[in-house]
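Once you scroll down, you'll see the structures, which are given as structure tokens.
Here subunit A shows up in two complexes: once beside subunit B, once beside subunit C.
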Partner chain A sequence: MDTVDPSRAPFGDALKECVDSKFCGVLWVEGWPGGAIYLEDGRIIACHTPGAPSLEVILLRSGRISESDWNAAFTAAAVSDNQMTAELTSRGLVGAGELEALLRTTVADAVFALVSGRIASWRTELSKESYSLLLSPGVNAAWLLAEATRRTKALAAFPGPALSALDRVALTSAAARRGPPLGQGRDEILALADGRRTARDLAFASGCGLYTTMLQLIRMRADGLVVTSPPSRASKPPGSPEAEPGTEDSDGTTAGLPRRRKDRGGLPQPSGLSRRNVGGSLQMLRPRSERGIKPD
Partner chain B sequence: MDDVLLAEMRALQDKVTGITGTALASRDGLIVREDTRGANPDNLAALAATWLALAQRMSGEVGQGTLREAMTRSTGGIVMIYAIGSQAVLVVIGDEGLDITRLHRQSQATLDAISAALASAPPHAEALLTEAEAGSHRSQVAASSSAVRRRRGQGLGGGAA
Partner chain C sequence: MPSLQESLHRFLAVDGVRMAVLIDIATGMIVQLAGKAGPDLAVTASCVADEARAARTALGPGQPAGDVDGITTVTTTRLHIARILRSHPGEGLLLLVDVERSSSNVALASLRVDELAPAVLA
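And now, the complex of A and B:
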């Protein structure tokens, strides 16, 4: 495996080298979100990243394929060493043309997520590993990079600060007062935005592609329905982590563990659990007043 | 108020793609801190404590040493739990795109920081059942239950169990 110093070769050049050499294997990318680009004869056949929903997420979240059908196809593909794409089409779960279109969309979305994020380093790995859900034939890498650049520019054309997939999204009061449904998936996104979920999180939660979600968000931001903000600095640990002795929070706990009231009976024990003790523990699952500190 | 526990939990969420919520519970199933959406924190705490105990027993049963983490992987995402010493359990909830590799790399620092924060808090007589206290209490409960069963067997009725 070779690790390339990013200061010596931009990622685009590294990818071009894979293309020119008709590389077969994996290009591992470290960074945020990071991920992996799979190539065959220099063409991209798959791209996996935590930064964008995979085809499985898209199909299952939308209800296009049921969980049981997906699991059955996955198991059959694994057992027979067949391609997942072949199993999905042979079982009539997705048409061949539709599946290819969806695969191309998700691969393009994954590459967009990967290259529009932060790339710290990368390395290539020769691999004959058989992956599932491959594009065959693969896609021209230069086209995918150009498409990612086009999408970044399209988002940058909107007013306001550049939108990052890491930005948190919150509703404005105008969104709360909105009238009829907005359509185009906007209502689903607004229903999920809670001030903590990032643009990337909303893509996963709504089962839509990252770019599609970011495009809707930036339009809704321009319309005054949402506000976006970078991750909170307050989430970083403080400089002096030790709690003051005797410090007590407003909910009656110390900076340590909650105070158990003596009138509680039936204390479940964490060790030495028998089936009976597990039942006793589950009796604790009755509603009680909130103890945790609510997120802001 | 500066809350070092919640700050550590949120810092982990910021560092690892795909974490959608975290919770910290005591080993006897009480919620300490929670930063989740929609999940009932009391249920989470009780389940996490029970699950950790079972997972540790499983590790011991097959002779695999100290449990590092226990995980569920479902259609809609992943839940991981980690022991924090003998005092607490950290719950990490992630969606389908959770970056498990990065979580492995980042979690230990979070566990160490939370452990240090908990250790720096003064012990409360009622707050924490140590293993020794737990063992003593189990014996007392067992003895009490036996006494109740004996009284019932003798037709004397009994109070609440």
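And now, the complex of A and C:
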């Protein structure tokens, strides 16, 4: 394993190095949201990050594939040691071309979420990390970085303050008075925006990509349907941009109540068994298809 | 099963076709392409996706004319035949085929594109 200090070499260079050396393995990225980029012969075959919904989340949340169908395909793929993508197409749950298109858009979305966040460090690992949904053939890493840059520029071109994936989204009074359905996914966003959910949360809850959701939100903000507010310091996840450890949260919730803190109140946790560990243990008991990232 | 690129390559066998590209309407991203791509293709793809969204807003579902199936643009030298391929989740994908106008006409090019388009997402 090799850890690189980003102050000495930008992340793009490290990725380019992986491409040039036809690297096969995983590029782990620390920071927020952080994640993992899976490469084969220098081409990106998958990208997983908590900052953007995976294809599994997108297909299940959107109702494109039912949970029972997914579980059956997953079990069959595991038993036969088959690729999940092959299992989904052979069962007629999704077309091969459509699945490849969805995988490519999901990988692009994950890379966008990863590189538009804060990258603290990264390391490569020469291992065949198993990942159920792999893109074959892989995608050119330089093209994905260019696409992420295009997306960042497209969002920055809108008027008003820059939109972050961690910004909270609330309805305006104009949205509450809206008449007929607005279409293009706007009604779903308005139904989910409650002042607490962030742009990232809305992407997970609606089963849409992060960039798609952010683009829709920034258009809706320009149309006066939603307002966005940057997260308070304490509500930012560790490692997120501008997050400072040990800062006090003076902000309340949107309802004016004191914000609930993870590290305060509730039952005392036995040493060595944090809430996160309990959650992780419980997650191991669930079917694998349910272990995806949940918004709430 | 053919890959997306193989499916798109079939369009290149049609007379006058220079390029076939699949665009994600929601993001304007080029999903896959086959043929000769110009340097400004990313910008073009984003603009075409915006056009499709705008057309859908004006003529989309719920409107008397029904949903938009495609957009055809004719320039002095080219025909741009665009077909909306339904895909869920998302706003769908746009298949854009760039055809030399001197080698074809709108009706013929549209016919050939419509014959091949259903196989792209299958």
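Following the convention adopted for this analysis, the second predicted complex is superposed on the first by the 230 of 296 C-alpha atoms of A that agree within 3 Å, B and C clash if a C-alpha of one lies under 4 Å from a C-alpha of the other, contacts with A are read in each partner's own complex, and residues count from 1 in each chain.
One rule holds in what follows: a residue touches a chain if its C-beta (ideal position, glycine included) is under 8 Å from a C-beta of that chain, and two chains touch if they have at least 3 such contacts.
The model shown is predicted, which means the values in this text are computed figures rather than measured ones.
When the two complexes are overlaid on their common chain A, residue A:Ala52 makes contact with subunit B while staying clear of subunit C. In the superposition on chain A, contact is made by A:Arg64 with subunit C only, not with subunit B. In the superposition on chain A, A:Pro159 contacts neither subunit B nor subunit C. In the superposed model, A:Arg150 makes contact with subunit C only, not with subunit B. Counted by residues of subunit A touched, the larger count belongs to B, out of subunit B and subunit C.
Residue contacts after overlaying the shared chain place A:Gly92 against neither subunit B nor subunit C. Look at A:Arg104: by the touch rule set out above, it reaches subunit C but stays clear of subunit B. Of the two partner chains placed around the shared chain by superposition, subunit B is the only one that A:Arg196 touches, whereas subunit C remains out of contact. In the superposition on chain A, contact of A:Gly179 is made with neither subunit B nor subunit C. Subunit B meets subunit A in the complex at residues 1-8, 10-11, 13-14, 17-18, 20, 23, 26-35, 37, 40-43, 46-47, 49-50, 52-54, 56-57, 75, 87-88, 95-99, 102, 113, 116-118, 120-124, 126-129, 131, 134, 137-138, 141. Interface residues of subunit A, counted against subunit B in their complex, comprise 32-34, 49-54, 56-57, 60, 67, 194, 196-197, 200-201, 204-205, 231-232, 234-238, 241-243, 245-247, 249-250, 253-262, 267-273, 278, 281-282, 284-288, 290-293, 295. Residue ranges on subunit A touching subunit C, taken from their complex, read 58-59, 62, 64, 89, 95-98, 100-102, 104-105, 108-109, 136-137, 146-147, 150-151, 154, 181, 183-185, 207-209, 211-212, 215. Note for the complex: subunit C touches subunit A at residues 1-4, 7, 22, 24, 26-32, 42, 46, 53, 56-57, 60-62, 87-91, 93, 119-122.
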